[in-house]
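There are structures below to look over.
You will see two complexes here that share chain A, one where it goes with chain B and one where it goes with chain C.
On to the complex of A and B.
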């Protein structure tokens, strides 16, 4: 037997072997769960992943379609003054509704779960985490201070947004959002930063050991609302 | 020569594997069993090279038959809710140990032969 051939065959085989091992390790790591022998669990997990992928693909398609629509609009309204005005009105309306990405002066507030237990939290561990009510109160204070646009972990708050408790995470716009919460707000940053005043809600949270941070920024970017706003029951008079 | 081929092949496979896309989780158990079959084939190949009865046809057909049969067993086991793939793993790993024994014996024999020869030479020199 030719020695070269033997070496080649074994080499190819070991290439397949290491390839398989690498792919397998990557697959197991990416699913980050213990091995389950039940095929129903596996297929359910697979289905969830597939739906997620499909959702992402559709979302991308939607964004592309929106871009096309925008271009189409621009090209048709380009040489008509009246239509350009209407177009600007639509843009203004979308900005108010939260359907466009906006940027401006503002603050970034970060709320982190407590890492150092206090005397009270030993008895009641729920005091260590950031609750939906805490987020809601902070949002309320920011709105009171004149915030014009707010997002929590990239979930834009719009008129239909709800902040509800959902187990160990909270739900905003129907999407699960977990700690740490990064709350971005656009408005007069000095006013918004007054959130950290003594007796304000952040000081209350600090007493519970919850990590709070507030940063003033000249350039806060808030993403647009990812869902769609459909009014079914409201009718204009 | 043979070991050089194996090392180069492993490196090549690792480089491709690191950049390869992730497969679906459902099929990962099939890939795992194929990996074990490939490992068994490589060990079997090395030991047959040492025994000087390596045959490319037997080597390749052995790998594919083993891999396909074990994957079918895995599939059947999933349908029947019995972990039949464990049987395939036991056989493969058992054979891997057998082959490792053959490889080990070959090199240990070679080594001890060398030592004996050296001693004989030394004795011959001393007697002179």
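On to the complex of A and C.
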């Protein structure tokens, strides 16, 4: 009798452990983070880091130069009204382009992948994660509601920003960002918050179990675009 | 008998301990897997790394070019005699470039023109979402200026469907056929929409009439309204 009990307990334990190990192997397989230690991959990784560092240094240099330029502009315009007006227009233009950090009233929208994938196994699992199209649609609705500045996980959207799916993550401004997505928008907060109205895009996402949250705030800060606008093809007429 | 019992106790304790240790290890691993940041470069495969490398190279070159430009402008301000006339010219030059980047000027350059039209075989119309996807693909391919039926797409432009009957861009009503113009690298612009996964080919497969034309001088009109910043400081 005693032996049977022990055997049963042991059996259950090993079953649980085996299950745990199986789950882990599956998880690791699906994250495909094959820690490839081959030399090509390592040297590639080094090169990426090197370029990233070069970029960071150059960007810092650019920021300094821009700051100096602004000071120079201010000092040369002096007390001349006409020149000061031009200088202010330049400042305003840079703000509209997304090249400065801005603050104002607005909303913060959070989108999370669904947490209950086993709830309804009939649903295609790809419908449970936040897609690039979902983010694109939410952004479009915010623009429609009069958003003046928008960022996604602190990536400022400028006129050339694209949003694309890249495996398990989304790429914005060439930068990878993963869920949860925090979308900040500056504008009339009442109007922006209408995103959560019945029949709006957020309610559609909610039907798929995607976690959505929208918070109004008097003080939303959106960082500047971490890059440079550099047109090569467009020519002024 | 006593020894047997003692042995049993030792055994169950040791099994208990080893189970406990195993469970701990498992939890630790779960935590590691959870914390693995799929956006960090430590976890990228070779192809991802290559894409990442070209991405940073491009960003570096952009910033480098911009830096040279800013430094040059700065030098110009310093070199000029402090006459108001000269300064005014410099300011106007800068302002002009900003206005080009904002979409407040008519522009031209190499690019493509896409024409989309429903045919009699179609049950459904082309939607605002279709246009949104195409605009996004063009931006990804490096489009610097885009317009749909002469409505310039700027940073804050929206493309929405009204009552499932027509499309509004920048608050203006847009009707089919849709003529999408984009200025940028022709080859990339075109290839971003064609082939497998290309949205134009997908629209073609639904029976819509789609054509893409390359041009060396595409004209795109300016954004007509004022761009406001009422809420952001």
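As a working rule, the second predicted complex is superposed on the first by the 145 of 237 C-alpha atoms of A that agree within 3 Å, B and C clash if a C-alpha of one lies under 4 Å from a C-alpha of the other, contacts with A are read in each partner's own complex, and residues count from 1 in each chain.
Criterion: a residue touches a chain if its C-beta (ideal position, glycine included) is under 8 Å from a C-beta of that chain, and two chains touch if they have at least 3 such contacts.
Source: prediction; values computed, not measured.
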Return first, second, both or neither, reflecting whether A:26 touches chain B, chain C, both chains, or no partner chain. first
Of chain B and chain C, which one touches more of chain A's residues? C
Just checking: does A:234 make contact with chain B only, chain C only, both, or neither of them? Give me first, second, both or neither. second
Touching A:157 in the superposition: chain B (first), chain C (second), both, neither? second
Contacts for A:45 in the overlay, against chain B (first) and chain C (second): which applies, first, second, both or neither? both
For A:13, decide between first (touching chain B), second (touching chain C), both and neither. both
So in the superposed three-chain picture, is A:169 touching just chain B, just chain C, both, or none of them (first/second/both/neither)? second
First (chain B), second (chain C), both or neither touched by A:5: first
Does any part of chain A touch chain B in one structure and chain C in the other, and if so which residues? 6, 10, 13, 17, 20-21, 24, 27-28, 31, 45, 49
In the complex, go through chain B and note every residue touching chain A. 1-2, 4-6, 8-14, 16-18, 20, 22-26, 28, 31-32, 34-35, 38-39, 41-42, 45-46, 49, 54-56, 59-60, 63, 78-79, 81, 83
For chain C, which residues are in contact with chain A within the complex? 12, 15, 19, 22, 26, 29-30, 33, 36-39, 41-46, 48-50, 52-53, 55-60, 62-67, 70-71, 73-74, 77-78, 82, 84, 87-88, 91-92, 94-96, 98-103, 105-111, 129, 132-133, 136-137, 139-140, 142-145, 153-160, 183-185, 219, 227-233
Which positions of chain A touch chain B when the two form their complex? 1, 3-24, 26-28, 30-31, 37, 39, 42-43, 45-46, 49
What residues on chain A touch chain C, complex-wise? 6, 10, 13, 17, 20-21, 24, 27-28, 31-34, 36, 40-41, 44-45, 47-49, 51-52, 54-55, 58-59, 61-62, 65-66, 68-69, 72-73, 76-77, 80, 82-83, 86-87, 89-90, 92-98, 102-106, 133, 136-137, 140-141, 143-144, 147-149, 157-164, 167-169, 174, 176-178, 186-188, 222, 227-237
